[in-house]
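The structure under discussion appears below in the form of structure tokens.
Here the chain labels run A, B, C and D in written order, and each chain numbers its own residues starting at 1.
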Amino acid sequence: MLSFHLSALQVVIPLLAAPLCAIFRGPRISWLIALAVGLACAVNSLAILNQVNTSGEIIYALGGWAAPWGIEYRIDSANAFILLIISFIYLVGIFYARDSIKAEVPEHSRCWLYTAWILCFSGLSGITVSGDVFNVFVFLEVSSLSTYILISFGKDRRCLTAALRYLIMGTIAATFYLIGIGFLYALTGTLNMADLAERLPGLASQNTVAVAFGFVVLGLAIKMALFPLHAWLPNAYAYAPNAVTAFLAGTATKAAVYVFMRLAFAIFPDDFFSDLTSTHVIVLAAGIISAILTSAIAIFQDDLKRLFAWSSIGQIGYIAVGLGLASSAGVAASFLHLFNHALMKTAIFMAIGGLFITTGSTTIAALENAGRRMPWTMAAILIGGFSLIGVPFTTGFISKWYLVSAALEQNHWWLAGLILIGSLVTAAYVWKIVEIAYFRKNPDTQIVRQEAPLSLLIPTWVLVTANIYFGIDAQFTGSTATLAATAITGITP
Amino acid sequence: MSATTVQFYCLIAPLMAVVLIATLGRVVPKLYETINASVAIVTFLLVLSVYNSMGEAPVARLVLFEPFAGVAIALQAEPLGMLFALMASFLWIVTSIYSYGYMRGHGETNLARFNIFFAIAISSAMGVALAANGFTLFLFYEALTLSTFPLVTHAGTEKAKRAGRIYLFLLLGTSVGFLLFALIWTWKLTGTLDFQAGGVFDSDIGTTTLNALLILYVFGIGKAALMPFHRWLPTAMVAPTPVSALLHAVAVVKAGVFAILKVCVYIFGIDLLGELEIHRYLAYVAAFTIFATAIIALRKDNLKARLAYSTIGQLSYIVLGALVANAAGVVGGGMHMLMHGFGKITLFFGAGAILVAAHKTEISQMRGIGRRMPITMSAFFIGCVAIIGAPPTGGMWSKWNLLLGTVHSSDWLLVAALIVGSLLSAAYLLPIAVRAFYLPDDGGSTKIKEAPVTILIAMMISAGGCVVLFFAPDFAFDLMQMLVH
Amino acid sequence: MEGLGIVNYWIVVALMMTGLYVVMTANNFVKKIIGLNIFQSSVFILYISIAKVSGGTAPILTSEAEIYSNPLPHVLILTAIVVGVATTALGLALIVRIRSAFGTVDDHEVQDVARD
Amino acid sequence: MKHHLILQVVAKALIPFILLFALYVQFHGDYGPGGGFQAGVIFGAAFILYGIVFGKDVAMKVVPPSLVYTTASLGVLLYTGVGVAGMLLGGEFLNYSVLSKDAVAGQHLGILLIEFGVGITVASVMIALFLSYANYRVTEPGEGE
């Protein structure tokens, strides 16, 4: 019986838990509730992936109302994979949050933070499982609103303006998306993804479809922080509480990317994204420019969180490149990088949180001697950085490999070259950090071994270990990403 | 224990040193070199056992992981790799002995870190040597770059850091920008990266593509230090001498030329390579590098810098051997890898010994030093002869085969480059020895004594190796014959 | 009736542009939120206009009527309005806290204060 | 506004009717226009009026903020709870038909409970919004907070 409800449970569990958090209002109990949600949903997402891979698509009609009338949840290999990423990052993030949040957020507001966090997670899960474009909008707003709240818990007062700016950008984005699906509804009379996919090909020549597509793409591009619509991201990541940044970096933009993929490849007619509107060229260009340019901007940042926030935009660029290739291999590379980037960036932000706890600062200057003071924390940042560059034995290498082969498959040798140049720019900012942490010696200060607490190190290193493991054995991630790409593009590579 | 699994132990054995140093080293810091030396001996014996089993039956491929379908991390010993592995692991023993005297004598700090990364670098070099496909080769190639980085910046000075930056950016840049690109392209074209005798490319792949690929491969393997990607090697000389000796005369740079030989023999195949017009032009680049570095070396007063430029030039001999695309060239290239390894390590040992005993780095200061340090300078002299390629050292055989290769290619420009290059190397190496033995010292060096005894032992072994290889080059020659047939 | 339909959409476009313009140009955060509200409202009108079926009546089952307006967009927009209210409330709450943290609700001034 | 006697008297007279109307809209929702959203807002409006006219301190005695937060959460919990009840009884999430033996009766029951949950939450959130803005003491930067 339980297996029947898996897809709904993913949303229902956090939705049920969030009000509990708000009722009990204890910082400890709300953390426990959030952790329980994480455990349940992580197991649940694994079960979903297993079920999808063994017995095919899961279709769940909410309230028993079948698709044209009711809202349905529909999960195939693509969303199952994204769900897995979101759930596990959430679980690790919550585990990490307890001590990290304790250091940053006053006790009386911690329960609200966890409530918002759980809601955010339920929103992200909802976006992923939903098979109804309007329902996606609702969950998008649920996750966004709670994200704004989460950001505003930061210690620095600038988190407030960051949250407000994100709120304004996010609302515009969501409204664009809403306009887009409004046009689609006016045209087809349905909001169900599967129905839309059926009806749209016949209408592909109408301008309305193109306009709708434009609005939807624009809205989602803001949400996924695709260059040049990324302005909200650096501040939001830089000023949010460290645990929140770690969670957001791994998940928030990912859900938007997924919706983008779903719309561009599965709902809109075949080659609408690529040949009919040539949007893929724009996405590709935005992606590769962002991959190189924002990495270059990252070199000049003095704050670690801001530096890696810029790096996140760059990594989204790589994902966009995969999308822009508009091929099964390209989408598979994007999926893979979604997963890999979640692993590496979350680990990096967690390690930065550990740095913050011990030194009270996240500036690059705080890294001085960090290589000796906190070898484990620093090693986590280092391995994450290597992964961003794409050094072998890390997941980043696998991503790059897939992406470059996808580019070469279409004979875009220049693109492959640019992707690899992007790696070198990434190396520059990673190296900047490494030199300060390991080679800048300050002879006056006595070096005291001062590692981040274990409760922060363990989740960080869980992700780092996963990063290395999946960098060596990418069978699981690679095949799952390929399956996901096949599910979403309908083409077997 | 079959040879197949022993291949894996060859990689693991050096890592044992890491574990031992990290655990025992805390208790007894003096044990580092002893640990390294004993682990080195174990590694050498393991490599030797793989080598011995090679004659009976081909060593089977050992797949460690398969990161994604069709691309595996796999090991397989073949003649060229065996030669490289034998050389690297043997010279590691010698270097460990040398290192004991040098690092203590020179008062270096952070010995634990130094020895740990040294061992990791050797393990990576073993991985490069035994790689069964381009993917594995690339992985260990990068691991080698990264693990030697802390060794280059060991001193921690501003100069060392700058050197480290150049080192990393040139090596990572070329390998990620060109080599990885070439590998993925090859994989897309052929569906395999396995090293196969005779090459992997089908006949229907266009010449333009293959030309482009060859350029990418040759320049992408930045460790071969072909101009214009040679800058990292001289700057890396800020590293402690054992590092320069083993890694920048043997393991790292030889990994580069080794990779080029591998690509030429197993990815392209000698026959296909010969059909590509571009190989001739790349050979000219190598010839130019030989010539240019010899001129630069002549003008360098710093001993290590002169040796570094000499190394770049000698590496280009090997690249040239690979690129003339005939059996003799490849045989010569492979043998030169070995001969130059022994010769150059002796020279670097000598440079380090002079630094430790006499605190001198500039050649102009070394007048008469040979009389104070006769053993050191005699060994140094043998090293010079080996590099020049004159009897009674093994260097002669490799130069001979290289010359044969160029003659076969009937490109007289290359023949000339080889001969002139050898003459020039005599011109920049011999004066050092002459100055040391025949010129009167400048009086200030009265306190100079012979270098520590471990350094001398190491030097005698490596210099002795150069001479022994003159009389017994058969095993290397046989291995190379196996390779080309 | 035909003309009315088009007028609706013109209004939608006008509101949408007004709203976006205010969001982009206003320095005062409160005004930005107001602009955002105008922008969102335009979309609400868009949906409601889509729902109108000429000659249709309120979608309550009675014996007299045969054509009903489409109720679904109303439901959707009800949800969107709730979301909009939540956004506005959150935005204003943030502004209140910005006021007490920076002493101003002006974008430029906040940036000046933050730089010090 | 303590001295606006007329306002106070009028408000006193109005508030019960507003509450009553809210309840009407709430429970008539499955027959005519109405439902939890609207009812909640009307219900909340009654309390807000009370708070405006009699002052926030008095209003907070009637509904302390912590109670409002709890009821808001309880409303959501009721909503999801009904949904989960549907799951436990063998239907999909939010399938009301299984709530009772008769499908139609089940649907009536379900929608009633769901809308009740919505109404509670909306009303509580409205009051909470009012109270938190009314309570907020604007501090100048550096004054604490």
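Definition applied: a contact is a pair of C-beta atoms (placed from the backbone, for glycine too) under 8 Å apart; a residue touches a chain by one contact, two chains touch by 3 or more.
Please read all numbers here as calculations on a predicted model, not as lab measurements.
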item: Partner chains shared by chain A and chain D (touch criterion as defined above); value: C
item: Interface with more contacting C-beta pairs, comparing A-C to C-D; value: A-C
item: Interchain centroid distance [CA atoms averaged], chain A/chain C, Å; value: 28
item: Intercentroid distance (Cα basis), chain D paired with chain C, Å; value: 23
item: Length of the line joining the C-alpha centres of chain B and chain D, rounded to whole Å; value: 78
item: Cα-centroid distance, chain A relative to chain B, in whole angstrom; value: 44
item: Chain pairs that touch, as defined at the top of this document; value: A-B, A-C, A-D, C-D
item: Residue ranges of chain D in contact with chain C within the complex; value: 32-33, 37, 129, 132-133, 136, 138-141, 143, 145
item: Chain C residues touching chain D - in the complex, by the definition given at the top; value: 58, 60, 78, 82, 89, 92-93, 96, 99-103, 113
item: Residues of chain B touching chain A in the complex; value: 65-69, 73, 138-139, 142-143, 146, 153, 156, 161, 164-165, 168-169, 172-173, 176-177, 180-181, 184-185, 187-188
item: Chain A-touching residues of chain C, taken from the complex the two chains share; value: 20, 23, 29, 32-33, 36, 39-40, 43, 46-47, 50, 72-73, 76, 79-80, 83, 86-87, 90-91, 94-95, 97-98, 101-102, 110, 114
item: Touch list for chain A against partner chain B, complex; value: 386, 389-393, 398, 400-402, 404-405, 408-409, 413, 416-417, 420-421, 423-424, 427, 431, 435, 439, 441, 471-475, 478-479
